[in-house]
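Both complexes shown next keep subunit A, but they swap its partner, so subunit B is in the first and subunit C is in the second.
So, the complex of A and B:
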């Protein structure tokens, strides 16, 4: 389902990807890059961290325009630059929002993005990457950014799960959890399989065998069960051909109504 | 959830003000107030989706043999449906511009906030309070003014306390602090109490800690929480599948009376339909399906127990 939300048409206005050192946002970014390349959208990559020359060399080969913001500039300059790059069918990637927050404060960054969002039209998209492990006040910042975003994705590498919130234009909100894996550099997600509770209980019960709980033998082996079944109790009528007993013989005659009780054979003795 | 439903309710509040020719003070930093005004719903003169009629409750013809005491009682509670208050609106149609232009509306978007000395860490709070006070003063809404023609000022504040209301970067307050919000609501209540004014404020509550919200509720007269089902287990609950969330009346202050009119244990639910925002009493459906489920569970449990016993 996440892939559907990532590739909606017109594109979701603000995608927020919350990643960490163990699981970076690149697989999702690659998925989005490929999708936008197919649709001939302009991709602009605003770099706030890392070695600009290196990143530029890699991304230029993928036909992505890079913009260097690794050295601090004023928020006005950044806002102006963002506006000039905003053309019909353009996609802006901000890598990463943490650097903006440290430079301009949470309020400043939010205000800038909020103003920018008001101007975004159908066909345009902003993708922001938020490194949650670099944040001092992670919960509050991620709540605030999630409030602004239209699709917020959070990766949890410990359990290989992706948590996402998608806000429809009409106002409906979808919150989902999915499992993810990376297959050959591709980001693949699939819905969580809900285990059948009855089956789980059954399995658990089958696991707990009373044999293992006791110090003595409680069950019967197959051969023992067989011999038990083949045993004919002495008071029961035997097959006449088989009986060769001479002299006395016990005849057990069942009453017409309710005589034989499997659980308590001595019920009729009135003990 | 994320202020969508609250914004719709706020639009109803503004639209009612426009229709009743009240003065309106609209404040929002998140969306442009001019845009919010453009989106307010148009008034319609009847409720098209109304399923109930205002006629006398029909008496059922069939005789009851056992529960005969209930025979002549109406099938559902009609007492609160006869109240003819306010107007009906159609969310799909915007209010005609001519109606809006004739209304006295003051817009505040926090763009021209001056950085003065105030008790608030974000000067926007101070500026908004000051502007509301000026509006009340200039248009003679204070109770002491004793105006000849009495009208009401409707103050609508959209998404107060959203990240745009956070303390400035160099402020001593941490981003977690809700001091500004608490103080604003406290001052606002005092201001509104002394004037012919009513204020509706929407707050994105998911951004705040429960304690901070409690303080806001304490300083307010009426507090409503719209608890959306989206993303919670309630979303898949069959009994609630028709609705979008709980409409919780957290507080209903007993103003000018001793007893609160709080409905007690009645639960309300809401749904945002294409044309209107509906608030209903929650009636849980009969437990038929669950019953068969429970029987099944009981049977399977007996099976399981039987197997354990046979070991």
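So, the complex of A and C:
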């Protein structure tokens, strides 16, 4: 499950979250923030986009230290800042990697992150947010960043699925697809369920049921069917034990060649 | 009926937008053949009626156009410039002068052009900040940002420029940015630049206004659709009808009822 990989101990070194406008990375970030707060880890948020003061005001109340990278600075200065903020049990969030790439180029960003990754020790973590809809050639950048990451997460809001790749320290790689939903602001994932064939067939039958096509009632409930079956028509012979009624009586004699129509007249309705 | 549209409190468009100084970044997106210029002119009207300051960067229309529209809506843009409540960076005029002087630096060195533009904005907003009282708010309005792409400026520089504008020294500045996107399909695997630009604004905006044409085609009763989105809130969709002196908005399906009033 994705939640297990997000909350491993020691933490996964580099988590890459690939989001889009329709489903932003915030629910996953909130999950990670809560997890690190519980463990008393230091969270540093490197802001490259938007209004720094407004974001800082929101995040400071959540006990997250913000660092302003919205004004011009060189990649060397950024690398130096990253190193000074990287202390034992610290987590650095880069929001967003696209802005970093636009500032320093893909090559520069990759090299800087690659050098930085070599220095990361157990207990430290980097979280990078990559907005996939801000890149002309998203696949190329995505592949480069996935190569660096230990856990790469991609959200697809169209089908509510999350695709992730987790690289174990030993070298094993897990690729999974899970369903996700946001429940009360919480990011919840669950394994894809194999559909039950019988249920699918039954659903399909129910779909074409005339009951669903009409605005009036066609079928009978079990009680109504029972009531119909228990009704004895007056012209049919009754049980011998039944008390005879004084007066006139109808005797119905079936023809030798039966004229009784046993076919259901509503058979063609497929009820 | 249209007389009602000129009052600030009764203006249905401004009442629907509900712009507040807390909205630090406002993105106004026009889709396809729709024209979102009326949103900008209405927001300027609100800025002046609240006695707030304006730094206006124009790429889309001439200053004369904004003056005429302003007069129709009930404000005097050049008068506000004279009184020191507004400053205008007329980029159309600047580019025209550069071409006349055979100075093509703005296409040859786009990085320097964008940096100079930002320095100008920074300087003008500082002048406005120095002249205002503590309570006043300043708005930087850019109409429209997509024309930077037309000048051949790369998306990297434009995104950098947006970030700088959103983080000006004076923290009482809000930024209103107009941009337009085409409805054409993406070219192969590459995402069109106008979409990237628009998306980058949508990620950071506190208020995202989208003006688009009707999906069903043309209509005499409805000019188009306005979509208002704020992060964490439900999106509001309104239909609008554009008149010479104002805009009337109504909920989808209510257009006929409004016209009969």
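By our rule, the second predicted complex is superposed on the first by the 195 of 271 C-alpha atoms of A that agree within 3 Å, B and C clash if a C-alpha of one lies under 4 Å from a C-alpha of the other, contacts with A are read in each partner's own complex, and residues count from 1 in each chain.
Just so it is clear, contacts are C-beta pairs under 8 Å (C-beta built on N, C-alpha and C of every residue); 3 or more make two chains touch, one makes a residue touch a chain.
All values reported here derive from a predicted model rather than from experimental measurement.
Chemist: Classify the contacts of A:111 with the two partner chains as first (subunit B alone), second (subunit C alone), both, or neither.
Modeler: Only subunit B is touched by A:111; subunit C is not.
Chemist: Go through the superposed model and pick first if A:172 touches only subunit B, second if only subunit C, both, or neither.
Modeler: first
Chemist: Tell me which partner A:54 touches in the superposition: subunit B (first), subunit C (second), both or neither.
Modeler: Second partner only, subunit C.
Chemist: By residue count, is subunit A touched more by subunit B or by subunit C?
Modeler: The partner making contact with more of subunit A's residues is B.
Chemist: Touch check for A:70: first (subunit B), second (subunit C), both, or neither?
Modeler: So A:70 only meets subunit C here.
Chemist: Which partner chains sit in contact with A:137 here, subunit B, subunit C, both or neither? Use first/second/both/neither.
Modeler: both
Chemist: Go through the superposed model and pick first if A:253 touches only subunit B, second if only subunit C, both, or neither.
Modeler: In the superposed model, A:253 contacts neither subunit B nor subunit C.
Chemist: What is the contact status of A:99 with respect to subunit B (first) and subunit C (second): first, second, both, or neither?
Modeler: Only subunit C is touched by A:99; subunit B is not.
Chemist: Scan A:38 for contacts with subunit B and subunit C and give back first, second, both or neither.
Modeler: Touch partners of A:38: none, neither subunit B nor subunit C.
Chemist: By the touch definition above, which subunit A residues appear in both interfaces, subunit B in one complex and subunit C in the other?
Modeler: Residues common to the subunit A contacts of subunit C and of subunit B are 137, listed in rising order.
Chemist: Which positions of subunit A touch subunit B when the two form their complex?
Modeler: Contact set of subunit A toward subunit B: 104-108, 110-111, 114, 118, 137, 140-141, 143-144, 147-148, 165, 167, 171-176, 198, 201-202, 205, 209-211, 218-219.
Chemist: Would you pull the subunit A residues touching subunit C in the complex into a rising list?
Modeler: The contact residues of subunit A facing subunit C are 21, 24, 48-54, 68, 70-72, 96, 99, 102-103, 131, 133-139.
Chemist: Which of the residues in subunit C end up touching subunit A in this complex?
Modeler: Its residues touching subunit A are 24-25, 155-156, 159-160, 163-164, 166-167, 171, 189-191, 193, 195-196, 199-200, 202-204, 206.
Chemist: Would you tell me which residues of subunit B are touching subunit A in their complex?
Modeler: For this pair, the touching residues of subunit B are 1-2, 4-5, 8, 30-32, 122, 162-164, 166-170, 174-176, 204, 206-207, 228, 230-232, 244, 272, 300, 304, 307-308, 311.
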